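Scrolling down, you'll hit the structures one after another.
Below are two complexes that have chain A in common, paired first with chain B and then with chain C.
Up next, the complex of A and B:
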């Protein structure tokens, strides 16, 4: 055991996500969590309906990002069909409400399960490929689904879009963003907790093993192909649930918003937040969601500015904004 | 009759027109250390990868404790108690040392739902800590694997393989690139694993210092064919081996 490595060890410990280690209580994290919880509770009493609409939308993006985090961040599989599963979730829960008047918790579950099932089937085929081929195959599936949304008039309303009747549970109907907000918050928190549980579990370790080395994962008895399909199916499930969350506070959906742009937006959020960390996925969704709302005023520059932000992050903070800040703080603390 | 944990019969591996391994037989006795040696390109690693199920042999059978595993997928071997390491290190680089070993225990970490959902299933985590201690890696528990120096990375691969709780441990050049002092420590560790815990070890190795010191039996391959087999003493004195393999090294030594 050389002195060099002994000196190196504490430094690499500092670069690990704090709060995940068994050493000490992560006071900073607890304080931040309490602050976030307080903000979530106070928000509906403090702001207008439009701001609540944005808040709802951001929370939908949080769930989309958590889903993409599982397949890209944890498992390392570049799947680019997230908007398609999101769309499947929106149409499923919208139609379950419109046609059958199902209570929304049921249509949410259905949306997640159908998106997840389609994800498993697509994953079983697409995950025979890897890297750029996987990205292209899933991209093609996403484009095909958008075509289906646009042309299956009788079900999706085609290019006219689909009116979504208000989500209901018994006699209770969700008629405003304010009424939808508690439902959306609870769902986002449930999905966040689920993500943390998965990430810490044996399944999460198997995902990361696949990301780091497929041959080593195999040698450890991880069924690599199955793990990839499970990750892909889970990520589609998340996107489906996110779609059903959107359907609780939206009255209308058009296929235009379910194309590659949306997939790229979610991908950007996850990358800018920091690949491989749950906090990065959540933070990226919120930060980038806000930026994209601000940029809505200048739609023609929106794409250019996204592109610039992505390039700058790839150059200066490839591991995401949170890792960047943590490294900086760590360096400052060491002097 | 000897008690063989691993029996390979009539193994042939062809890559296109090239025959990498030709009608090769090897039987590894339970509770022994067996080395597979030979000059570069002799087919050692190919044989090794067939046994660990990463390559599919063209013909031949592989029996583990009498069970035919010739068509088993590689990911099924851990559950059967077969662990392996890699010649060119295949660690989970971005993950911590501890998590690497925990993934090694994958097949043992899902016995109950509680275990499967836990970041540290009690019994499994305890065994992982024990393995870190045994390989001298406890101080690096929270270090990312890629930040370890080469010697420690080799030890981590061994610790991770041991987390499978193997009956048969397959080591692909465990001593390659290690310093003399590290090789001596490896020598002691492997001998201990075999003698005290009864783990059967099959290793492919170039470092003769290690092979001659710890092996109960040595098989020598050249051009895909077995040219000698026996105790280190037998092999050392075998004219065919000296000719094919040791000869060159002895001449330089």
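Up next, the complex of A and C:
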């Protein structure tokens, strides 16, 4: 019995996410979480509609980042078609609302499921490749999807864009960013919890095993191919849900914003936050989303600063801002 | 469509396809030579082309320099810029102990910086046209109509490619590049200076991009986003197998011809889609491309 517990102990400690100490109650983390929760609740009473619009948008990016985190951060598969699935989500929920007047929880689910299904089909083909070939195949798929959004006039409105009618549930209609905010917050939190659950489950361990070494994972009995396809499908599902979240507070969508640039923006967020950590994905989305909003008026500076951030991070903090701070603090503590 | 029209379209498609295809072949060559030696797909290749195009435009139009100064100056600037990027930035990224993918992300960063910089200087605000290097005159080859400019483009591209292949095959530095591509550690053991070879490879890739920019700029409108043309270079590289230099050249010509035939026979709307479909088809049916070797499985 005592043998057994001794063997179990290191494993349970290893399964805790980095930064959580197994020895004591993690006061700092709890305080930070409480602070974040309080901020989320107070926000709609304290700020103007524009700030709430930004908050909604940031939360959409959080979900997009969580999805990309699953496939790139956890599973190590470099898929570059995130914006395509995001677009599928926006158009699906927009059209479900426009044409059939579906209640928004239903169209959200539909958006996620359709994006996820397309993701599984594409993944089944594309994930036979790896590294650069996978990246280029998914990049090509993403660009082809943008072409479809632009040219399938009868469904997407083509280059004129698509007006999205207000999301509704029975007689209740979402007409402002303030009304959309609770829905968006709840969805973002749901997806965050789902990510943590997946990451700590058998599935999450399979993902990380594939990332570290496919051959070793295979030898341990992990179904490598299936794990990759599931990760890709899940990330597409997340992007679809993010798209439907966007559709609840937005009235208009144009295919221009659904290209490679958006995929790269999400990738940048995940990388700057720290590839492979959930906190990194969330933090990166919020920090980078804010930067991009502040610089929106000056697109050329926005591009230069994006680029410099990417380059400097790759040079000096390749594992993201959180790992960078942790390393520095650890070094300082050790003296 | 009668047989006569189809034949005419076929001739025109192949003639125009060979011309643009020669530029795609140069782009693919620039991509593949870097990938072969450092396993990095350079996502800033398109912006290198764009930046070189704007350097040439600046020297030619705003500084009124003659063409025989502008061309070598542009190529030299591109060589130096790319080599310095490798030396100063990518070396540090490689040392920083992250995942190999970080090098790729750094090249994405460079592409943002270059695009933003060109926009910021004000050159990229409005689409500009590059003055033609020679007066284009129409020439008939068979039933296909091409211009003298087209012939100059094709001839220059072929000469540059031939020079590159000669360098890669017969010179000492070319042998060192091939050695680094096969096994960097072994190459280092026999005395190849890796840092220097990587710099030269990037510099050459930049110089080839500059040549491509000089050739293609008179035919397209210049904007800060013209780097997206490199997608066709990537498509060509994939068709050729991504690690094969002759494959890149053949892929370039193939993509050029396919693109033009699709435009003539199907619809001009589908031209944009053609390279992506080509990428996906090749990767699904024959992932190693036309000239790629066996697919290797990484060891534990």
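The working rule: the second predicted complex is superposed on the first by the 313 of 335 C-alpha atoms of A that agree within 3 Å, B and C clash if a C-alpha of one lies under 4 Å from a C-alpha of the other, contacts with A are read in each partner's own complex, and residues count from 1 in each chain.
In the analysis below, a residue touches a chain if its C-beta (ideal position, glycine included) is under 8 Å from a C-beta of that chain, and two chains touch if they have at least 3 such contacts.
What you are looking at is a predicted structure, and each value in this text was computed from that prediction instead of being measured.
Asker: Kindly classify A:315 by the partners it touches after superposition: chain B alone (first), chain C alone (second), both, or neither?
Answerer: Only chain C; A:315 stays clear of chain B.
Asker: Could you look at A:186 and tell me whether it touches chain B, chain C, both or neither (first, second, both, neither)?
Answerer: neither
Asker: Which chain makes contact with more of the residues of chain A, chain B or else chain C?
Answerer: Result: the larger residue contact count on chain A belongs to C.
Asker: Answer with first, second, both or neither: which of chain B and chain C does A:294 touch in the superposed model?
Answerer: Touch status of A:294: no partner.
Asker: Taking the superposition as given, does A:306 touch the first partner, chain B, the second, chain C, both, or neither?
Answerer: Second partner only, chain C.
Asker: Who does A:144 touch here: chain B (first), chain C (second), both, or neither?
Answerer: The second partner, chain C, only.
Asker: Does chain B (first) or chain C (second) touch A:129, or do both, or does neither?
Answerer: The second partner, chain C, only.
Asker: Pick one for A:216: touches chain B only (first), chain C only (second), both, or neither.
Answerer: Once the two structures are laid over each other on A, A:216 reaches both partners.
Asker: Who does A:224 touch here: chain B (first), chain C (second), both, or neither?
Answerer: The first partner, chain B, only.
Asker: When the two structures are overlaid on chain A, which partner does A:203 contact: first (chain B), second (chain C), both, or neither?
Answerer: Only chain B is touched by A:203; chain C is not.
Asker: Could you tell me which stretches of chain A are touched by chain B in one complex and by chain C in the other?
Answerer: Overlap of chain B and chain C footprints on chain A: residues 213, 215-216.
Asker: In the complex of these two chains, what residues of chain B are touching chain A?
Answerer: By the definition above, chain B touches chain A via 52, 54, 73-79, 83-84, 86, 90-96, 99, 102-104, 106-107, 109-110, 115-119, 121, 136, 139-140, 142-144, 147-149, 152, 160-161, 164.
Asker: In their shared complex, at which residues does chain A touch chain C?
Answerer: Contacts found on chain A: 78, 125-126, 128-129, 132-133, 135-137, 139-141, 143-144, 147, 151, 213-216, 264, 267-268, 271, 275, 299-311, 314-319.
Asker: Could you please specify the touching residues of chain C with respect to chain A in the complex?
Answerer: 35, 39, 41, 89, 92-93, 96-99, 101-106, 108-117, 119-120, 124, 231, 234-235, 238, 242, 269, 272-273, 275-277, 279-280, 283-284, 287, 297-300
Asker: Over in the complex, which chain A residues touch chain B? Could you list them?
Answerer: Listed in rising order, the residues of chain A that touch chain B are 1-2, 4-6, 8-9, 12-13, 15-16, 21, 197, 200-203, 205-206, 208-209, 211-213, 215-224, 276.
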